[in-house]
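Per-chain numbering from 1; labels A, B and C assigned in written order.
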Amino acid sequence: MPKAIVTLLSDFGMQDTFVGQIKAVILSACPDASLVDLTHSIPPQSILTGAIHLRAAWQWFPAGTIHVAVVDPGVGTSRRAIGIRSRDHVFLGPDNGLFGGILGDDPPEQAVQLIHSPSGEPGVSRTFHGRDVFARAAGRLASGSSLDDVGSALDPGDVLKLRIPEPEVSETLISGEVLVVDHYGNAVTNIPASALGDRSHQWSVSCGRFSVDRLSSTYADVEEGAPLAAISSMDTVELGVRDGSAAVRYDLSQGMEVHLQRNNDRDHDHVPTQSGEG
Amino acid sequence: MPKAIVTLLSDFGMQDTFVGQIKAVILSACPDASLVDLTHSIPPQSILTGAIHLRAAWQWFPAGTIHVAVVDPGVGTSRRAIGIRSRDHVFLGPDNGLFGGILGDDPPEQAVQLIHSPSGEPGVSRTFHGRDVFARAAGRLASGSSLDDVGSALDPGDVLKLRIPEPEVSETLISGEVLVVDHYGNAVTNIPASALGDRSHQWSVSCGRFSVDRLSSTYADVEEGAPLAAISSMDTVELGVRDGSAAVRYDLSQGMEVHLQRNNDRDHDHVPTQSGEG
Amino acid sequence: MPKAIVTLLSDFGMQDTFVGQIKAVILSACPDASLVDLTHSIPPQSILTGAIHLRAAWQWFPAGTIHVAVVDPGVGTSRRAIGIRSRDHVFLGPDNGLFGGILGDDPPEQAVQLIHSPSGEPGVSRTFHGRDVFARAAGRLASGSSLDDVGSALDPGDVLKLRIPEPEVSETLISGEVLVVDHYGNAVTNIPASALGDRSHQWSVSCGRFSVDRLSSTYADVEEGAPLAAISSMDTVELGVRDGSAAVRYDLSQGMEVHLQRNNDRDHDHVPTQSGEG
């Protein structure tokens, strides 16, 4: 069996030992597992932010990777603990919509409800299923068990999916929103590069007080401290400031509307032939 | 030999490369070791917080795990560098009380004083024994050396133990304190779930301005933004706010007193039969 | 082949999944690689701070380690992506000076320009070469490829080197500066312990409002809350406060000048014989 890779995404933060305890349970079952932190800085209880970050990261891992995602405001209630298979990856977490980003419009190929003792029974806390339910299942899967071994079949269509907002796109206008503000203070939007067409530079971009009249290829295209819009690592439009924080400078935050308007071709693509003649 | 697991707990933070340097030294000796960060966010020099977090985490790892714990205000002085064995786990760190939480009332089964060149000699800094003393010993242990190989025998009863505060418990009153405030702003206390007896809901809880008249099973038991007390992942009482920070809302911090009072059974368990008849 | 170790240093922070995506790409190519985070908290775009931290950490790893360092304000421009070999370690990153600390005055033993599709082409973003260029090369190297396999030869003398400031040293005066402020608020300087000579205690130290009249051996040499200068884990002079933050107390920051003056031997080494006789 190839070495199992298990990724972890949560809102647990790094100051306590929550993540360490999860890793302990996984390694107890599968000492050879390779554990990768995606992020533990999801804002507490923000299922949407978790869904966005999971969607951005999962696809870079090889087929067979097990992803444990825990943003779980309903922990200890009757919300289901699930495992799903989608495009040869396995995902474990609460059934609260968190997998909406990776699934999109499609149901998963397989879904199970994880079998575990009731919350509050010895060995299963009411407040930390990351350790007591999801890590245990991940450890078993990493050791070679199948989803069928760790759960009972569930209708794949029943899995909850939080919808990540999608932009409205026309030939000349695109309306989207800020999905996340990243570490640098860049505002990453939900507007895909593919919506911009061939002449991707010819759009002006605005969001609150932020405004630029074209897209840039790289951050170095503008002067230090100047605003710019470029294509993010998620392959969507992002709003930034060269060597600065756009979020701080322009008060950008998750959910703000972003508008793109296609510029008149003549104004931007060609030097007007008359201008030198006037 | 099964793959060695080495955990790391410290107050080194994540902004410098201190932790990376420790891992470098361990992997130089044992490239196959599996390294797990418990936390590096212990408040600088807070031996008590380190002892509490170590106690919460170690037990989830398999027997044979090596735990390196470094909260070390006396680094470079004559304080001893030790290795101890307790319940089939090995712990390395300064002899300053840090292992008081995992040991409780018992001495370790074995204790050694780590052998190393004097601080300030070439190869051993005066300020970073995490790298120059503890990581080296961890690397040797991970490669198969025994505690006897890396240190000289010490009377197990001589190991310093910082006492983690314990609650006072009676049938109707429990007095404890806040041990740590976690990432979510929950105040985790030292009052064990076992002290609450069978009818665990029937206690009112107060701490400074925080007050609730019963324990909840899960965070979802109360309205969004409401205070609650529940059982933490450490299996103790914790004070929280649903979808918020109790620490911020109620100014809760480490060391504050927490009082539990058993409610009158009639008031809370049964609907008073007279009430509808009055 | 021994297990490959790959270290990661960047200004990506830990809140997004940038680092997780890089690890995904490396593990996809080499599932057995051992990945070690040096730090991802380099201040955004601070090549100097990256160069300083890389210099502090690389040498603790075994020969053959692959170091991926990404502080890359010019990502997506024509700045080169390079791989170099120096003292049996391999370094991958942008050719922007970041390797100046580890190289010092010497050119690398070998240098290559990494071969990759142009930025903006499918599969290579313009903003995240950490994932799309450097992680891919690291994965191939970790799987056994050589630098020649992943790049085309470059004149080693052409590699850009940011110069880390060096102190001016005389018998009685040393002038240096603060290189980094660490997690504890200690100001680590560029003044090497070796510049202090045998009688290392006999120097007074000043930096802005910070001033002490001698070097201490350990933090415990002074009273709680008192300032001190000692030898850092980088083997240079550092300015600290026992159980406190020198940076906060004395407003110390990167780049501030630090002055050491050799004290008169008689004043500090011996108790003046007359003093008791006056």
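Rule of thumb we're sticking to: contacts are C-beta pairs under 8 Å (C-beta built on N, C-alpha and C of every residue); 3 or more make two chains touch, one makes a residue touch a chain.
Computed from a predicted model, the values in this text were never measured in an experiment.
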Chain-level touch network, classified as line, ring, star, complete or other: complete
Chain copies touching (subunit B, subunit C) - same or different residues, decided at half shared: different
Subunit B-subunit C separation of Cα centroids, rounded to whole Å: 32
Per-residue multi-chain contacts in subunit A, two or more chains: 14
List of subunit A residues in touch with subunit B within their complex: 12-21, 23-25, 27-28, 31-32, 35, 44-45, 73-77, 119-120, 125-128, 131
Interface residues, subunit C side, partner subunit B - complex: 2-3, 5, 7, 9, 14, 34, 36-41, 53, 56-57, 60-62, 65, 180, 182-184, 217-220, 230-233, 235, 238, 243
